[in-house]
């Protein structure tokens, strides 16, 4: 049985009191200015049904959620060894932007969802796509069936103005021979991907391929193979929430990916994709009320991969 | 459709050529002497059906697989905060017995399946159970419906003779106030648990509660609550295979727990528990052919949580 | 020209206002109870002249200063390779009791003046001396010409009651094969050495051999060779002040060794040994006013090895 | 008594058999091509006497020895707090280019002689000197009384082509707010300094100010104050030889600074400055035969600060 909009509204109402207990990302002004009380959820069933509540149609900065999309583009353009020789598949057990582990492991990032790993993936795309930014835009517009998705140039520029640590990460990987292109253009691509503005509805639609054996919403296109969709879900389950993946699996029980814009996408394989949005973050950098909403929703609809 | 014994035999035949490519655990003689060509698998369905192939009835040293059983005993005897204030729920991103992370995180182990975390769990049991070793024996004999399960005293003694690193870990946690009992008795308990001898059949039966909403095989007893069974599976999926959890999720797609004796248990929630055994280990310390057998089996029977 | 007692008194008066800005060691009660306003200095010239000021005759817990004495006993009883294969000669760049570096460097401590290194030295003494505690007592009584030096049993017992971290360090080294004896007896020896009670006068006399080519005060005995005395001074200069060795060299310009009891010994090779005492410590664990007194004294008497 | 040229020749003859046991730096071709059998020494007394042996007049790439010269320029242009708030004075206990410590210590390098610290010093010079490269050239030409000292442009360019790790270090410090200028121009300055070509004679003359209370050779100019010369010597003694400072103090007993070009300068305060050159390096990155030559020379002439 599918949840009613009322059930989704109830879930949002129950978690709304958490707003005020987290902190909106503040490292760039464009994120800091987002109202802390935004709260939205969208559920996209594999049959195309979409149920929403709250601010589900309002676009926000998807940030690290884009790391799944860039990995997916890489899976479409590279063989598995070309990717997995350069980035691992293991949880990092460290803060998302730590360089310590990267140095100890000789420039091979732990997984594609920490910054270092996503930068390697962008380096791959930079090498093989003629216009990696335009390609991504076409890709997400197509997945979400929304031609109005765009890059927030203010966010991208602001990220670039605060890019020293990511530049350090990229140069460190270059020093180990695990970065092929000039650093700055890849950072530009990476920050544009992070600066995609999408709504919960856009995201739930876009990620439905992970719930539906790799097929796009409506099953018209194969985005990745069924095996690959399971593999991406496995990576999300173990590495998708920074250093809070274990807690998320324990509480929510779904593969997911968060961004510091406050969005989280989650997947119930074979059934549905879900997106939530609440800008305040917990200490691990994941949406505080968003995680609580997913936990509650999972319980109410009786879904868990475990 | 349940797999036939033939299918299981085929799986074992296909992975058998891998034997010779891994290394049998050699840190204690009792493990080193196990023949490298042992290979077995047992599948236990929630309805009680058991299908086996190879050396499925031969007992072996379950080693770290016991960490799930000791956590389960702790869940039966302590409230959640009493446990999760003292041990985390996150992957470690480090070798299973690293002290570096433990020092940096002030004596709180990352999760209950690395050595430090399992020692904290044993410390908890030592504090509250009058006879923790006897209690465990009763528990697993009951779960497996096999009164002949016992501790291999040679293995336990040998572990105790090579216990310096685990003693160091326990003393370090004690220095941070996260260890209540004398170190040596807890190590004795811990090494006895590791020295349990069980067959694939024993293990598949014993772990069926994680596939069946927390109910014992035959559903006569509640071992843990349904929620707790999902939580334990979540911990297994993110932390159950040392520093190879991501790779295992990627390849096998089931929650699982390995031991350096070469055993691995895996869970298909709602359906079945599986145990495999092959003594040679990969560089992460997980059974090499055992992982391959689970990967192949998962593909053949079309099961994955992702 | 030798300093007058007035000059020493002036130095103490000038640094006395610093008292109140540091913190007395508080990890065991016996140290915490020492009055914070104790302040003393003793200078021992190679010709036997001793000049003092303040609380120079009052015994205190020498703590880590004993690490130089135990190393000296080891130099008398072992060949250089037997020592330097088991402990390094490099600064640690880490807190004095960190286990991180010890694990990364496979159980070989960086130098003999961090806890791990001193424990290895005690392990060496335990193996070769029939009564290592009695031997040390005879040694320091002889060096200081003071038969009343003794172990503070309250301090030794209190240290033993808070020995978990040092036990962890010793067990970690044992796990790497760099510790031969049972851990607890070596810890007992180690804590007794730390619990030696000596005054500034005792210490200045005892350490004169490092200022006088390895000869005891009065030049009657060879404690170590001239070359060894230079080597020990070199180790003190680079590793003698925990993670403040660079700052101490920069400010004071003499080889030295501190203890958390607030004592510091310093050496002007060819001329004199100095001991100061002020219980309050700086964040690196070195006597705050004691360091300042040595800095001022060095400037006033125009002495520096640099 | 000053050593005769014969004594210096004897020293070189005794250490020459070591050639073949080390490895010439190979990370850039320009260094790799230097003949491994070059061997030279120059001693410069404070009275101006210069005694040499071997290839003492042949210029080579001074590499990290330049870090002392850039620090000296910084001391001439900045107040102490302006420098020491941004770079520490402690040994690193890590490889010279490790980023791990730099991240853990929030972008403040341990000391001015590891790469990170020298980059901060160059960042300081870049901010305050109108032409930092020209200024350095004038400075060393003046110190060495040799107008023919120049930058090896091939080496500088080659370093810049392999600058990824140093760029990573600089960007990491920038991300912590401890780097003011654009990264690439500072790297250009830094690599030019490293690419200075000087002979043993040039170096012994240039560094005489550290042996002579801060005065230039001939005592005509004050390069740094007497106190500052002692402070720089203190830093050299504790931090001047990468992760081999303790061993160097133990064996040689003089403040010193090495470079991967195979040069080492050493100081006997109040008496003389010494430079040696032998291109093959030990595992710590210090000249293998050069260190041995200094050890032997110190013994023969009976000099040590300890």
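By written order: A, B, C and D. Residues from 1 in each chain.
Just so we're on the same page, a contact is a pair of C-beta atoms (placed from the backbone, for glycine too) under 8 Å apart; a residue touches a chain by one contact, two chains touch by 3 or more.
For reference, the UniProt names are A, B, C, D = Glutaminase.
All figures in this text were calculated on a predicted structure; none of them were measured in a lab.
Trainee: Provide the labels of all chains in contact with chain A (Glutaminase) and in contact with chain B (Glutaminase).
Mentor: The shared contacts of chain A (Glutaminase) and chain B (Glutaminase) amount to nothing, since no chain touches both.
Trainee: Using mean Cα positions as chain centres, tell me which chain lies farthest from chain D (Glutaminase).
Mentor: If we average the C-alpha coordinates per chain, B ends up farthest from chain D (Glutaminase).
Trainee: Are the two sides of the chain B (Glutaminase) and chain C (Glutaminase) contact the same residues or different ones, given that same means over half of the numbers occur on both copies?
Mentor: Over half shared, hence same.
Trainee: Using mean C-alpha positions as chain centres, tell me how far chain A (Glutaminase) is from chain C (Glutaminase) in Å, no decimals.
Mentor: Chain centroid spacing, chain A (Glutaminase) to chain C (Glutaminase), equals 55 Å.
Trainee: In whole angstrom, how far does the Cα centroid of chain B (Glutaminase) sit from the Cα centroid of chain C (Glutaminase)?
Mentor: 48
Trainee: Any idea how many Å lie between the Cα centroids of chain C (Glutaminase) and chain D (Glutaminase)?
Mentor: One centre to the other, that is 32 Å.
Trainee: Please give all chain pairs that are in touch with each other.
Mentor: Inter-chain contacts occur between A-B, A-D, B-C, C-D.
Trainee: Which part of chain B (Glutaminase) faces chain A (Glutaminase) closely enough to touch in the complex?
Mentor: Within the complex, chain B (Glutaminase) touches chain A (Glutaminase) at residues 88-94, 101, 110-111, 229-231, 233-235, 237-239, 243-247, 249-250, 253, 255, 269, 304-306.
Trainee: Looking at the complex, which residues from chain B (Glutaminase) come into contact with chain C (Glutaminase)?
Mentor: So the residues of chain B (Glutaminase) touching chain C (Glutaminase) come out as 98-100, 103-104, 164-165, 167-172, 174-175, 183.
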